[in-house]
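Down below are the structures I want you to see.
Two complexes, one shared chain (subunit A), two partners (subunit B, subunit C).
The block that comes next holds the complex of A and B.
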């Protein structure tokens, strides 16, 4: 039974369903699932598609996220295009597999709808669980609405399966703020997808007709060259990512900057630096503040792995103050806040003109970042600009005057 | 770009993501030698099969059976001939201790080794020229006294070693016990004649009608030869110390058989014959009695039942088939009759000890029994006739005193065979005498070439038993039976009772051999290795190699080796002069290997310049 695809159309769907639709359009071969909110809705949608014959794929329900990712690893090794996903502690439970999958260069795709880590049990969105895996060799980025989620999934397959890259991808979206909020999403013409995303072909799949060993034991001295090659693949992905975004724009007509979205940064002196769905609120707040004369803008990171260090340096060094909105936990970290601050500062360190950088702990535990809080944070940035220095590295938004 | 300008040196080049082709393909996994996981190393170590160990002359039985399996009959014959000069003889007469020891006997039925040996022996008989050649002449002269099994074997081995051998035989025909002690219907004369011819082919001189002490003196031997092996056997029959034993009609076992064998017998048997004794010679005499005209033959033994008789069970069975009656628990105390035996006085008797050689207790007060007979043949063992031997070399058993090398003191004289072994606990059997002759011949060779003598031992690390083997590979198969002449017809002829194997039968029977503890190129290890890291250039015994760089010590080949020749040896037992980790790494031209190599080269010298250490 072949996968059924309609003509191009615009639908109103949430982020989870957009991810499921992307998997369907990518014509995945194997889906491995284990339920956990909020990403479960994606697997529910895919289960329906497989059940009613829309999608021809193996749908495997594992006994845990560890098995789920193990099965995904094996399926990818055999040459299948694999889709999987998880949220929160589920992402953590599969942690063992992240390095083996990227180390064996299997382009598994994982959808993550963020969820706060325990304790206590919290359904809210926080990026900590996905960011904790950021150095495991997966290509990683956040979408801010269902259309971007759909597009990022297709582009991630194209990037990860490129023979120059061959790395797994985490396509992340905020739980609830993206995963469960509907927005317009254009589903493309099947011909466009076919043109954009060729069938997956691993150079050395597991095949009894051509026996190979995957993941053999190696000598200690053979570890470094393999690590170096994985590092080369990650760095080498950067030009591929840019090329894929360019081709995507040509075929689908939607152009994204591969790394960074700048919103109202012309003439801006203070900017928010953030990733994910809260950027939608941020845009609204910035428009308001601009109308009132505040020179504020938004820089949104779209791809965090590989980290666009030079680009971040080049963009952020144009401004006087950068306010990093974390939405993740970095307990005891450089800023005693989140992990984005440290990376932004490190990227800026070699810049000739360094802005003041301050970190905001906002959107924690899945709380919405409301307009009032954006105004408050802007106020803090403007104060820092006036002062010529920070008051403190990290502000806990909502808990300070 | 952190990876910009990086360079992976040639010796660290690795395949994409470490994905490697199977090790059988070109290059294969040599980049990933997984052998360092191993704690147990499989090793092909051929062990002693029980048959080889049990054989009196340690024939390589498993070896020649394996060659027969493969149709290499001539190779098989040549292999037997290393230890056994006359397989055609032992293939007929041997009491085959190998078959008693055969592991297959515990599974279904023992291999009929003797029948296959006879097949090969007869093949050798048919050859125009034997496969065995005399050795490079040494110029040393050796006399062998006696041409029985021990003398034959010793002379044969000495000739192969290049010595000039002369056999002195007191009878008109060579062969000793092979000729005089074994009836024609077991061993036809022409078979033995052919084996004697083979000795002459080897350049051995046989002087018949030459008796030591009469025709040749001790001093002559000492003067004319560089060494001398006394293999004179036990020639004089024991009597039963019965009253009137000197009457006409009283015969003794070995002379009775010997005269028939030499064609000089004048014995005419009446209808009723008694045989005294329960051993193999007694059985041969009883069966021969029928062939010499007796109508009723009764065997009278001190042993209380057939199982106590010191005889080969199947010979006993064949004898009973031919109609010999058994009387147990009696000894002859008197031979009655007027000048000629007419009856035997029998009294209940039993051995006082556990073995048949122990003294006999006769109950002379019991009523007893008069047993009417026309002739009696007494076969209760033999003793030596050593009047010619200097007294210093006689021992209290009435035989020759030798050291553990078979040597008489520090002289040039050696002794072998029954003359040495009687009373020593060794069985007095042809194959044991052959083995004794072989071992003594090698000792003589050592003395002649000035080498020190060493105890003759076969290295027996393990005698393979069924527990070491994987019996799932051996379905039950019955033994190929040798055809026998019918009892009614055979007891009147000198025709061979037991019939030879055909070629097909020999191969079928050899195919039953387990090859206990020995590689027989079954290919099982080659097939079951999951890696696979067992390789072979061709399918042949001993040509399998284990790629220890990859073998992880999973033991599958060891567990699945049908014969038990593969065994697991702890890796620490391999003393290769380097430490364990070193062994694993040194095989790659990588850093650890090179460091290890450097450390070996300069074990105590630290590098002068730390910058240049690598």
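The block that comes next holds the complex of A and C.
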């Protein structure tokens, strides 16, 4: 471990700038940008770093998000460390590339600052765009403040580039609630990063001295083994993710549970299950309600792909009621609400003791989830506990008494 | 930041005897075969002939990028690909962008000391569907940003591996499964092809842009080398006949590659980015009416006299754009009364149901 950490400093930055700082500390080789709010601020910060000579990287302004992701794919295939990102409809414009990138096992990193899809075309944060890509073979998780965003980016490179994994990563944060709200962020000494994150070395890059073919056409019977291999890479990432979080804690002194944050769950009977920045408000609300005697807590999912099924089962089955805060659209889905409900319920199906699970559509369209809404949702969970069953699967928060 | 390392570029020599297509042994042609035989393309496949010539001209320090198309589907069979140099598939709409990523990676990696050696030849082999339709934006982006790479449109004037569908490069009168002839649309394809190469030259005048044909292999290989030697982005559009889609006798691929130039339907030129002007000095040995080119191909078998005349007018315009004086015979051939309907309209319909 580096003994002198004289370049370590604490700055007050927003999530977008924290992501840009992480890319700089990771000494990325190729950056590819296309403007869309709110993630744009990350690329603006990186453009300035390159212009100032603080970071030596090819900075490419692409002609679309589709091009952005295929530039990233080409550069990663050649052996370069790559950083890209997007928001909202931009994430979906690039959709075609997500499977080819994970299928060719290229550890491209993508920053996502969520934005609601069109319609309604607003600037607010909703997780739908990123979650719609959740089964494409990318490691995926949400940060809830700028420090966690910075840390998650560094850890994601380390995880994705591990030769046992070789998978791309989506490092997500809520648009505006994280991307544009400043908080204290400790920037490490470059020596710490050097110790934590070795240079990217793909085993089979496009190198004229060692010719390889990437992504050839296959016959149908050759498909299953390749798909199985990709599925196993995703499963095999789980122990690497845990190991990387452990090493991160040792080198940087900040310890995260790789999968789940539990907040005031001791003695809790009802809990929120959610991802991302609204958890910050949830913590305030929970403290306040605990003072008034409500046995409520928070379970925040930090990594949704690979999905920690057993862990979710083990944690959530301790409680009487689970309230899933969606912040995403799953039109016509299992709960007719969001897609997180199904993820929670499926994990709980094998549990000996299953809690009541109810889905809350809150933060939709990027609206803030305010304290009184957390109180209202807690009330609904306590009523369900008392009743011993749900009133209905999905509550649209703000549209009911 | 550590001091950056300067990037060494390759400079390939021009081949001697830049003839106008005579089939003779040329000792300058490199022996290297980065694209080896044994792949699954059709007999007489124009794009494959082009692929072999291009990769020979480029040599072994090369990386090939293959957007979806014939040269991906028919060539890159899993576990037995024909590429002796690195090759990567990319999406049909990602031709320019994936290529740009590879070029950018090598710029950064060489500069930062992460890869040592001369900058590789980075070549994208996009079909005309990719280059003129779905991937045109990505190619324009790569040319505009001037990455050091060569983007080739191997132009077989249709989407071929999907079963012969019209692209924006399919000529007027060309029959495809998306542009079949019928009583209401006797000429089949009603639209004229997108002038892709001129678009690329006009819109990206700092790039080396040229057209070529498999009928003139030395000219083709020299243009590949000029494009690679050009510091920055280059674009080549190469006529590559498709036996399956054009419906002709297999051994005549090279003949068609010459006839299409001789009749004016495929102008051969290059855009000089330094002087910012077209170079029209390439001249075929002889000039012919379009009917001599059309009659060899089943895809034109349904054409009526007025359609042939329309194509002759189009060819004449193309020749005039290159400041070529039209012989009297070609002017006359633009008159429908000088033509007869292609006799085999019924035969053509039968072919349309088999492709």
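We adopt the following convention: the second predicted complex is superposed on the first by the 395 of 401 C-alpha atoms of A that agree within 3 Å, B and C clash if a C-alpha of one lies under 4 Å from a C-alpha of the other, contacts with A are read in each partner's own complex, and residues count from 1 in each chain.
In this section, a residue touches a chain if its C-beta (ideal position, glycine included) is under 8 Å from a C-beta of that chain, and two chains touch if they have at least 3 such contacts.
All values derive from a computational prediction rather than experimental measurement.
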| item | value |
| --- | --- |
| Subunit A as common anchor, with subunit B and subunit C clashing or fitting | clash |
| Partner chain in contact with A:73 - subunit B first, subunit C second, else both or neither | second |
| Subunit B versus subunit C as contact partner of A:29, first or second or both or neither | second |
| Partner chain in contact with A:121 - subunit B first, subunit C second, else both or neither | neither |
| Which superposed partner A:64 touches (first subunit B, second subunit C, both, neither) | second |
| A:56 touches, of subunit B and subunit C: first, second, both or neither? | second |
| Of subunit C and subunit B, partner touching more subunit A residues | C |
| Subunit B versus subunit C as contact partner of A:100, first or second or both or neither | second |
| Touched partner set for A:203, first subunit B, second subunit C, both or neither | first |
| First, second, both or neither for A:214, with subunit B first and subunit C second | both |
| Stretch of subunit B, among 1-9, 37-45, 307-315 or 505-513, that runs into subunit C once the two complexes are superposed | 37-45 |
| Overlap of subunit C and subunit B interfaces on subunit A (superposed complexes) | 104, 211-219, 222 |
| Residue ranges of subunit B touching subunit A (in the complex, touch as defined) | 1-3, 6, 8, 12-14, 16-22, 29, 31-34, 37, 585, 588, 590-592 |
| List of subunit A residues in touch with subunit B within their complex | 103-105, 166, 203-204, 211-222, 224-226, 228-229, 231-232, 235-236 |
| Of all residues in subunit C, those that touch subunit A in their complex | 1, 4, 60-63, 65, 72-73, 76-79, 81, 83-91, 93-94, 96-102, 104-109, 111-112, 114-115, 117, 120, 137-138, 140-141, 144-145 |
| Subunit C partner contacts - residues on subunit A that touch it in the complex | 29-30, 32, 53-58, 60-64, 66-68, 70-80, 82, 96-97, 100, 104, 199, 205-219, 222 |
